[in-house]
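What follows is a set of notes on a single structure, which appears directly below.
Chain naming follows the written order as A, B, C, D and E, and within any one chain the residues start at number 1.
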Amino acid sequence: MSERVHEILSWYGSDNPGTRANLARLMNHGRLAGTGRFVILPVDQGFEHGPARSFAPNPPGYDPRYHFELAIAAGCNAYAAPLGFLEAGAGEFAGEMPLILKLNNSDSLYGGNDPSPAITGSVDDALRLGCSAIGFTIYPASAARNEMYGQIRALAEEAKRKGLAVVVWSYPRGSGISKEGETAIDVVAYAAQIACQLGAHIVKVKPPTAHIEQGAAKKVYEKERIPIATLAERVRHVVQSAFNGRRIVIFSGGEAKDTAAIFDEVRGIRDGGGFGSIIGRNSFQRPRAEALDFLRQVMDIYAGKAK
Amino acid sequence: MSERVHEILSWYGSDNPGTRANLARLMNHGRLAGTGRFVILPVDQGFEHGPARSFAPNPPGYDPRYHFELAIAAGCNAYAAPLGFLEAGAGEFAGEMPLILKLNNSDSLYGGNDPSPAITGSVDDALRLGCSAIGFTIYPASAARNEMYGQIRALAEEAKRKGLAVVVWSYPRGSGISKEGETAIDVVAYAAQIACQLGAHIVKVKPPTAHIEQGAAKKVYEKERIPIATLAERVRHVVQSAFNGRRIVIFSGGEAKDTAAIFDEVRGIRDGGGFGSIIGRNSFQRPRAEALDFLRQVMDIYAGKAK
Amino acid sequence: MSERVHEILSWYGSDNPGTRANLARLMNHGRLAGTGRFVILPVDQGFEHGPARSFAPNPPGYDPRYHFELAIAAGCNAYAAPLGFLEAGAGEFAGEMPLILKLNNSDSLYGGNDPSPAITGSVDDALRLGCSAIGFTIYPASAARNEMYGQIRALAEEAKRKGLAVVVWSYPRGSGISKEGETAIDVVAYAAQIACQLGAHIVKVKPPTAHIEQGAAKKVYEKERIPIATLAERVRHVVQSAFNGRRIVIFSGGEAKDTAAIFDEVRGIRDGGGFGSIIGRNSFQRPRAEALDFLRQVMDIYAGKAK
Amino acid sequence: MSERVHEILSWYGSDNPGTRANLARLMNHGRLAGTGRFVILPVDQGFEHGPARSFAPNPPGYDPRYHFELAIAAGCNAYAAPLGFLEAGAGEFAGEMPLILKLNNSDSLYGGNDPSPAITGSVDDALRLGCSAIGFTIYPASAARNEMYGQIRALAEEAKRKGLAVVVWSYPRGSGISKEGETAIDVVAYAAQIACQLGAHIVKVKPPTAHIEQGAAKKVYEKERIPIATLAERVRHVVQSAFNGRRIVIFSGGEAKDTAAIFDEVRGIRDGGGFGSIIGRNSFQRPRAEALDFLRQVMDIYAGKAK
Amino acid sequence: MSERVHEILSWYGSDNPGTRANLARLMNHGRLAGTGRFVILPVDQGFEHGPARSFAPNPPGYDPRYHFELAIAAGCNAYAAPLGFLEAGAGEFAGEMPLILKLNNSDSLYGGNDPSPAITGSVDDALRLGCSAIGFTIYPASAARNEMYGQIRALAEEAKRKGLAVVVWSYPRGSGISKEGETAIDVVAYAAQIACQLGAHIVKVKPPTAHIEQGAAKKVYEKERIPIATLAERVRHVVQSAFNGRRIVIFSGGEAKDTAAIFDEVRGIRDGGGFGSIIGRNSFQRPRAEALDFLRQVMDIYAGKAK
């Protein structure tokens, strides 16, 4: 096992060996094995956005097995999905790659400014499906945030006792902040901090913009001259905000966009010390060959094989 | 056991043999045994709409034994009902046909736009009554949807551990969507996806119309030119939305209507690759002989014995 | 063990020996060991105010280990923090000093006048991390106060059964009182009383001003000529309000301010019979050497080694 | 994942994906990864025979970390040991190789003809230590056998529910049979069958001799002319007796002996279709370099790289 | 905290911070604080041998408070006793020193060769009494040994989850061995190994003699020329047998004897790398002043302040 993986594991000294072994499994699988970098395939859009919006652009994706196979072929560190999608392939692909069971999800058939996801799986489901980690989304700035914090607290305690790792998607959204604020540097850094304080081993946030949402924060950023001009600088600040880099922070790809723009973003994450990307739509909405090529290039950037 | 039944069972590779055996039982009973097609008799209208609205048109239906006997005589795959109706006949008809215990129900004595059903049975009730499956209704688009999702998550986990199959009625309804939207193609496909992601083995939805409810979905349907002109096309899209056809999707008959119209609908479901129908009022509100003849014709369409 | 520690422990005669031993541990550690006085380092600002506002003034504080080390080096009685911060160091610093796990926290990404914290840890978390006490914040005057009172009631009951001590931060805030009222002498004394009545072993309040918020109280203060002119007098009244001094009451430092002003405040607390201070931002936002010097002087005041 | 591993996993169709993933993990680790062959390092002799008898021949083996490191360096599929030995290294070596927690053990300080092991670990211990499987020894022919069968039944049920694999050491011994009978072909084949019938995924037995212990069996072996002249023939019969080869059967090395003799035995196991060896004393009682060379040669025989 | 204490804690990497903190507490209290050496006062003789045999030689010892006070005054690392004795003083002496609750005990009113202790306390008792560890006696070589192994397995799992340390008294005794064999070097080393394999953090055994009890062991001791001539050599072998010195092994004082003989024994334990002594009768059966002087001298030997 590489020095880097050992170093990262040393940050989790309160966890039992089972949880640490599962963190190691995530870091030792795929093309980035041993580097301490991550590219994870998440496919919860079927639940979150509906099937046509998710899979019509590349119809093989309607089949749950497609995503297992894509993640394996691409050499991702792990595949993350809700209960149904994992149940539909976990037997056939048993032992082929680390799995993350997403334990809460929101659908888009009921609107509202304050997201409030449903619990859609359990820690015992994760064990019976052979998962290495549970995943959970919190929405800081939502009126329902405290309910989510309480849920992940209890689920994380159980998962840690049973030797699983805990991945928290931390997406500020809701009536507490503006739309622009959802990706503001102060808000994203804060979201990373909250997830870490709730006991997450791995935190997923969105790439931050240079916008600063909160007045009280703005004063500090200006007074302390925190560098936030480039994406790399902002990522560095977010990583620092995640226990000074002692928690794994990965970044979402967000909506499908221009491939060159994504590579630039990945370079920024890498240069700022981010641990990797979790790329859903930009992977599975492309034709398979194109997706594999795309993910290979992303991994090459993280592995230092490409600029 | 037929090739087709083996093929369908192969989709449920994460389930234990008990659950798979109960799925097989549902597929190997009645006139459609072995075809992989379903006609199920559901009678929860007494709870949902009240006795007179449900049974006055054909008064023998007040007697719970009537429906057991009807489903057996007609050669349905299964009979589904709430706790009381099953308790009133499960002993007398023990072993005669597969049963599905509906675990939640709403009555009509309390109004409101956002349906919120009560839990009215347990997984252990299903075992003691000799059922092959539990049934559960979710109402995506209701303000109370997350409570239902959380309930079926827990009930499905228990049912699967105890070797039962899980049937989810997925009926979008509530303040999140319009009345027309309840059967919109995008909404019905989404509802099927949600039920599958929550771990349903069998999903029941309504036959979709060509209406598209959500703006974000409309763009995709138009851009990707998803065919939705005919019922068969729409059914095909819904089945695709249920894990690319790897989950059993059946369709409700909805309100009583013209018999010819129903047969047309059934042909559309069959031609689109739907797995069958669940037909309540159109069965038990007719005189018995007429109902048997009606169900025979529906089954003939599914079995390919009639156009 | 000193006479004073024995005397203080004698006030907690309904508690089991485990809880009393943990209270003793808090009193027998650090530079103030045996004096019955406390200086505690709390670091929950990362969760409460966000990382940059908390740690940018002294960036080593982004690292959770920094605070363990600071508290140990300074000779504080204990270190208090939320789950994530404790998990990130409890293994490495196991047994080095008493720890307090804060079981609820609020973030600042969702506004509102009535604070409503989330549960972010459990009593069992406190045991597995080797803590001596749980910490909990109540906000009397918030519309959500009763929910908090109910939570701490249950958590305190469990903590006491398992041999832990209970520290309650009692901060009146919310639509029930004015901004000025949050530190009014009648309100702070009342907040101390509520925390004691809820079963707290140690109560933390803010230094009170001479303002009187409530009309009904004002009449009594004037009629009974309760002395509240000086801070020492007000502290004496608060301590009296905490079961006539038979509960440990400590005072927060609040926002960073002039060092001389803090020392004056500490003298007032000492002279009024307060048991000590809980000083977060004024400690960890200074450079380490300066913080150690600062804390040493605060402790000297409490120990009577300085005026 | 190799075809052979997929084929082997297909035999365990009643198990959940978690258990199958852990079986896959055992088959996909080390120098024999993907071959469907196993070489496992077991070190329970400290408990079973005492420390000096176990470790004095190669004193570094007194240190629990030695065996983790040896198993990793040699490229074994897994390391199996009792609770204490795993606790003493599972943190440091987290994620480095599959672990098997032995849940029962016998010491040699109390004699008697009928072995009766103690329960020394739990399924939850296996989870918190990050193990892929539980191990358990049964002693058919012991007066206490039924107690053991009942214990493994309950432990296996729990382990399978929680996604772990089950390895059963099946060693006939006790007042029911003669000393020579312990390795008689009929008895070893019977022991393999019992372990399979009790639900083991992997069975460990001793290499059988040509002796036939039981009269009733002898008649059948002679009548049906079951070939048992060579070790390969006998191994083939044992494998057949383990559900016609649809359960993994591995063979113990037994007491330390001549290296050439061991290689011959391994060839016999391989040629008879045995799945591998579990080699304790012959590995860890040699000097490390010699042990690594020895294990390499054993693996080469199984991998077909050596005769 | 001293380097040595940090080193010792590093051996317990599978334990949670709570357990490690309690191990640290045991090592950081009393006159030997920080040295990694232990002198513990155990008083379970009242239960084991009866009151007069235990306390008549020094009647103040009838009073449970006497032993708390003695252990504190002497600067022992901890005081260990059954439930009743701890309940009778834990409140009065709360927080004054680490406590160990002995969870099983045997009385002498029922004879027999095979000791079989009763469970006399619980892990939750240990928490409510403020203990740092549970204590448990196993009797390898007793016909009832397996029952004890199973009990400590379960109690240790619970204690570790709740952040307590586990101390195992391992006293071979019973029909499996001879009287002389109870302290034979091979048997004592084996007893230490068994306790470690059962998951003990701290093991207590008797000082071993040069006798070798078991034939199979004798061959190895002679062949490998394990040095066992002096007590120091034998202690070194026992410590090696306890995971190569990576578990804390302390030695009992046994029956009251000549003081000079005890000091010699303590020197042997120290020189052989033993971690300390647990001295009951030799402490509390002497007059208090004499006992304090005696314990001071023992500690001086361990601390290297005396030869």
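Everything that follows uses one rule, which is that a contact is a pair of C-beta atoms (placed from the backbone, for glycine too) under 8 Å apart; a residue touches a chain by one contact, two chains touch by 3 or more.
This structure is a prediction, so every number in the text was calculated from the model and none was measured.
Enquirer: Compute the shortest path length in steps from chain C to chain E over the network of touching chains.
Expert: Steps on the shortest route: 1.
Enquirer: Starting from the mean Cα coordinates of chain D and chain E, work out the distance between those two points in Å.
Expert: Here chain D and chain E have centroids separated by 36 Å.
Enquirer: In whole angstrom, how far does the Cα centroid of chain A sit from the Cα centroid of chain E?
Expert: 49
Enquirer: Roughly how far is chain C from chain D, centre to centre by C-alpha average, rounded to an integer in Å?
Expert: 57
Enquirer: Two-or-more-chain contact residues of chain C, please, as numbers and ranges.
Expert: 90-91, 124, 128-129
Enquirer: Based on which chains are in contact, what kind of graph results: line, ring, star, complete or other?
Expert: other
Enquirer: Give the list of chain B residues in touch with chain A in this complex.
Expert: That would be residues 11, 13-15, 140-143, 145-146, 149-150, 153-154, 157, 172, 174-177, 186-187, 189-194, 196-200, 214, 216-217, 220-221, 224, 226, 237, 240-241, 243-244, 246-247 of chain B.
Enquirer: Show which residues of chain A lie in contact with chain D when the two form their complex.
Expert: Per the stated touch rule, the residues are 1, 5, 9, 16-25, 27-28, 90-91, 94-96, 124, 127-131, 161-163.
Enquirer: Flag every residue of chain A that touches chain B in the complex, lowest number first.
Expert: Within the complex, chain A touches chain B at residues 46-47, 49-53, 56-57, 59-60, 62-64, 66, 82-92, 105, 107-111, 116-122, 124-125, 128-129.
Enquirer: Using the touch rule from the top, collect the residues of chain B that touch chain D in their complex.
Expert: 13-14, 16-17, 161
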